[in-house]
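You will see two complexes here that share chain A, one where it goes with chain B and one where it goes with chain C.
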Partner chain A sequence: MSHDYSKLIDELSRGHRSRAILSKILEVCGDSVLDLSRRNIVIKIVIKAKCLRTALENIYKEHDLYLRTIAASDERSREGLFKLYYVFGIDSEGTNLVFEVPVAEGAKVDTISDLFRASDWYELEAHDLLGIEFNGRQMSRLVLPEDWPENLYPLRKEVSVEELKKMYQPQLISRVSELGVEEVVRIPVGPYHPALHEPEYFELYVRGEKVVDARYVGFMVHRGIEKLAESMKYDQVPFLAERICGICGFVHSTSYVQAVEDALGIEVPERAHFIRSIVLEVERIHSHLLWLGVALHLLGYDTGFMHAWRIREKVMVLAELLTGSRKTYGIDLVGGVKKDIDKDKIPRIKETLNVLRKEFKELVDVAMSVPQVKARLTGTGVLPRGEARAYSLVGPTVRGSGIARDVRKDYTYAAYHYVSFKVPVYTEGDNLARTLVRVDEVFESISIIEQLVDMMPGGPIKAERWEPQPMRLGIGAVEAPRGEVIHVVLTDLYGPYRWRVRAPTYQNLQAVPIMLKGVDLADAPLTIASIDPCFSCTDRAVIINLRSGSVKTLPIEVISRRVRGNG
Partner chain B sequence: MVKFLKMLSISVREGTATRKYPFESPLVTPEFRGKIEIDPVKCVGCGACTRICPPKALTIGNEGDEIVLKYFEGRCIFCGMCAYVCPQKAITVSKEFELATWELGDLYDEVVHTTVKCRICGKPFTTVKFVKEVEKRIDNKVPEDLLTVCPECRKKLTARKIGSKVVGVSGE
Partner chain C sequence: MEALTILLSLLFTSILAFLPPLLDGIERKVRAKIQSRFGPPTFLQTWYDLLKLGVKELKIPLSGESAAFLVMLSLIITLISLYAVVYVALTLSTSIDFIVLAMLLVLVAASHSLGLVASATTSNPFALIGSYRSILLTILNELGLVVGSVLSILLGLRLVTNYSILTLATYLLSLAVLVVATYVSSGRLPFDIHEAEPELASGTIIEFSGKILGFYIYSHLLTRYVLSLLVAVAISTPFTAVFSPLPAVFPATLLLSACVYLAYGVVATLLGRTRVDMGVRTLFMYYLLVLTVLVIFTWIGI
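Let's look at the complex of A and B:
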């Protein structure tokens, strides 16, 4: 390494970890680094595609480093190239390390899925949506449906939304004419019944009662909202973002506005930060209560389920009082929020929180003392710490396996740096650990809201004006109830040029097969639910018995109520 | 005593949680955002709400000699952005959410505006109330072309003016 680098490294690094990583990268591929820069917590390295793998091979073992997201973008109209943005996090110093990789059309990028296992889906998705090719790995379709035509990459700029809409028409029109009617409504009802939960599909391979392997098929309702947002204006997208998830929508709108604010350097008033944090914590409480209810239901303890949701109702009413809606709060705007929390609501908030704390404690005490609940949570669905790290997992899933990763602490945002709170961590890695993390977090959230309400500053709730600029990169991350949500935004004049959303379940689902291996079939539904996949899931699962060769389909709830075989 | 039986006393204390809706009124807080209401008197048909509306539930367009602002509840996501941006405060968010109906037409609201016709091409291009509002706001100092010529004809007009100037300059 030549000595002129050392000054640059001093300038850019935010701690000894980023210093070590930067010097290693410059040492092995200094010639291929096209540009190095830092803005706030983001260190950006523009690196040639051919050297990306070499660089990462040298740093992937660094403690603390994990893959947060990969955003692929079509920038041929500007620079004649595709670009890949690899976002890594260094937890201990709260640094985002972004590798910007220009990729010429038709060129291939070396895979990193063996170094960072979480990158598997990102690479497949970049290939599906933008046609970027990767070397050294098997490619298969992930996001797009099986009957999608080859070589039509929806996120490429030359493909219009109108054109994509037509993709569903030819089939429909021919069907309708076959039926000889004028109007038909198509309702998909299938192995992924979208009744109450979201559609996911797991295949569990069992020997006797033990699960020996699991396969996941998803993305059945990939809606292409990233594409849709490219035709929307800055202040319209928060409402679209909020509809990504029906349970934790506010984290998505907040993540999006934070990404835009980061990209354009918008100063958000303190009061808006406080309001966002309060609402985010209200959302976490309702989500954890919902999850606890569903988990108890899957364990067959419906009394606990009913009481968890009875308590949750109070939180929903509080959310409505604060924002105007029980869910999809709709108060986030770029530069602030659109609804203030008036003084006269504060006693009501405190009163609700007091009742909540008391009743939730009561419920947890009782529910956790039910012998069956405890027995079925303990020791099932174990996720070892090493695997949790290797897969770059997030949220209560990783905190149940002994890693204290929490965006609120590590990459602090909104008003979280004003409050003191603990990040609950359990080391056992089983379903009980993940449950207890969430239980503890509810109490922490109650305390966070109480602190925020007491400290709330006055002043405006929205930045007065801000100027959009083209092609700025912004990153917004929020700790959602189920893990870290991260949005990457490339700006344009009226709205996002490219908007990359990564929800926590995207990261966590890839580890579910590990948790499932070796569990009893009866514990599989709870294990799948233990990552809190928005319980975005299937009502049905297919059981294939290797010994008898039988294939049968059962509703997932029936499996969970089956008695353990060898008990 | 077995601890989990404590749930019985909690259940007795809490009683029935389910409300007998629709026989009992639903719980809606004073902040609830339901369908919107457009005051046809205050609305000037500027279209600000249609440009911000995320699901495009609000649309504005020419229908014959009139300009019509349409609100389709079926698409509305009840975000209240229209009320937030309306410069005339003509839109209010109501608490009404029981919108089910047998008639699709019930889900549409319309505000019909009388129009100003372009003095060059004769096409209606804006509403009478909008022109009045603009005049009021900037104290009758608007160049007349802006209020009587449609944007497309204005473009041609401007192009012609610039053209004649350029020609004039080069001719000197």
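Let's look at the complex of A and C:
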């Protein structure tokens, strides 16, 4: 790299913040920077692994810089090495700063988990799935189970999906032989509590009724979605992406298609942007209503829970009117959407929104007037602003701690730059603050949909044609109800070469142990729920018939019907 | 007369023993209406649920072999307490049998305690957490129950013979104490914290299932009814001096007890769940205030 960086910095910067940060990086790591480039809002720095930590040590205290995601990729077939993509966001500028770090096989990278605490899980995941080693930290299993074989890294290209599926079957077959039976059903039994809707494990250390520490273990039902997508075509992946989450699936499919569109420079028609934005806001409203109902249920106020979900039913009907489905809408395509919004639906949309606004306000007024609800939300599960910033938190979790971070404003996408809306922020950092952020967001979402519906332009709803190109990096980010969803895509000719998904709960969960410390045991479920966690689970059982040699997977409900002798 | 009263008390007790699950079915329907849903298909649903539990296999909780015995003992004691309150209602005219009233209060306390001990014997940490929470509340609340029931019935009788504004005010105040104490004892929201936090600590009945759970729930519903009947007796006490218990006052008392039961259910629907420390604090402040006023009124001379 040339030593005269000032001209380069001027060319690449998007504002004074990125200029300052780039200057610092080049000052300390000039010779280790292999390439610098910018495309739209993404500034990419290709940097040697040995200088990554030095570069980040010099910028980690920047107040508006946060770690959005880290994607690890196996590019040995292309360039003979692995790569780590560290995606940072400069909120005040809406700039993505991507550090692309080539890593030779067997080489180690210095950890940054002490600088950016949010990177802890990303490094563990990169190690679990690709075998990348990190210096200066303890490694342990995160995503894969404890008994996963050593040296088997699922995201490496030489490991196929079929191989992974077959992996546990020999163990099951030998177990079946031991038992001397013809057929065996293996039910994954995890830390499943009757009251929890998804497999999650929180270990709470209590003294009396006070929580003194907490430990979280997750990834009980890791589905290998990123690996699956590598064998799919571009337009098949949105349907897979939408099934990442049962509540906020559309944000994932939108985030994915935006990443591909960003990578390939696809121009999406304005009308499609408007439709995506409308559906995203409908999804936000339904998700927040669902959460509010669950929160009130956890507080014992079941009347509020029932009414919240009664009101939510109107939103589900609205979603069906717009997309044809109550959930998993299936309308996203790379380059646009599949389904249009007819003019005759507009009056019904507006009428539904009016009723929704009125009934929701009544619900919130009544719920907040219940003494137990307000008393138990106030002052519990406090997350200080400093910790929220240190952990690079997102969504209502971070906005409840006084940081106005919202992808719709900071890294605007779709049609959000056409509408006027507030980003609700509360500074108390307690459960009530996070609740009120979501309440206010519902009203804002209603207003956003009304504006979008009034302003919707005519025209096509998808791009006419687009050409895939290999090894292009694209980032797609959407403000989901729980916070920022960010997808990183490396393209290939027929589908994604690498697809990295980062859901907001992945980022926010790491702060839950901090929120739980000092909390009463009774308030622990509510505090955990206050980040609106979405663990996205599924239960599957594997049935092996030794006689026929067939291997089938069945949902638990089908098995339970079989057990009752119904089929 | 005494033998007749005892026989009548036994007769009414036998009939009333079938009432609590029916009242619970009605309460569930009313709650569903408030929550804009259908609720159970029939008022008899609670009975169906209990019968269904009754035909399940008997599963003794691990290390809780005495739990089944204690639950049955608690149920028997609750039935006896129902008899006691019916007897008080039938014999209430110008005087009260304090021995029976005292026995009633002891029986109610015993029934609560046995239920908690039954849970605690299972050694399940969730059951222990729930029992601990319940004990905290119960210790504080029993004071209100005793003071409220004794004073309200005493003053109710005195109202007829020695009416004054002060007597009326004290009577109403003691009734308020009794209402709160019986509501808390009934284990409804916001004070259902012994079985609270279902997302985390499933509380006192976590180890109960099948028949044991059925008997526990029935005993719990019966206790709720006994407490409602106690309130109804306290409210109707002034009238027993004017009208005889049978055929006038007692049927009205029974009707009133059903109304009290359902009113408590409606109130529970409108509230959230308190936390154990908040619940104890709230109750303590309430009893401190009201009992102080009662003491002052007593000192003034009612």
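Operating definition for what follows: the second predicted complex is superposed on the first by the 514 of 567 C-alpha atoms of A that agree within 3 Å, B and C clash if a C-alpha of one lies under 4 Å from a C-alpha of the other, contacts with A are read in each partner's own complex, and residues count from 1 in each chain.
In the analysis below, contacts are C-beta pairs under 8 Å (C-beta built on N, C-alpha and C of every residue); 3 or more make two chains touch, one makes a residue touch a chain.
What you are looking at is a predicted structure, and each value in this text was computed from that prediction instead of being measured.
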Which of chain B and chain C A:T323 touches, first, second, both or neither: first
First, second, both or neither for A:H307, with chain B first and chain C second: both
First (chain B), second (chain C), both or neither touched by A:E362: first
Touched partner set for A:E209, first chain B, second chain C, both or neither: second
First, second, both or neither for A:D235, with chain B first and chain C second: first
First, second, both or neither for A:L298, with chain B first and chain C second: second
Touching partner for A:A522 - first (chain B), second (chain C), both, neither: second
First, second, both or neither for A:V370, with chain B first and chain C second: both
Interface residues of chain A shared between complexes with chain B and chain C: 303-304, 306-307, 310, 370
Residues of chain C defined as touching chain A within the complex: 31, 34-37, 129, 189-190, 192-193, 196-202, 269-278
Chain A - residues contacting chain B, complex: 232-233, 235-237, 239-240, 243, 303-304, 306-307, 310, 313, 317, 320-325, 328, 330, 338, 362-363, 365-367, 369-370
Residues of chain A defined as touching chain C within the complex: 193-196, 209, 296, 298-304, 306-307, 310, 370-373, 375-376, 520-525, 529
In the complex with chain A, residue positions of chain B that touch it: 3-4, 6-7, 10-11, 14, 17, 27-33, 51-55, 77-81, 84, 93
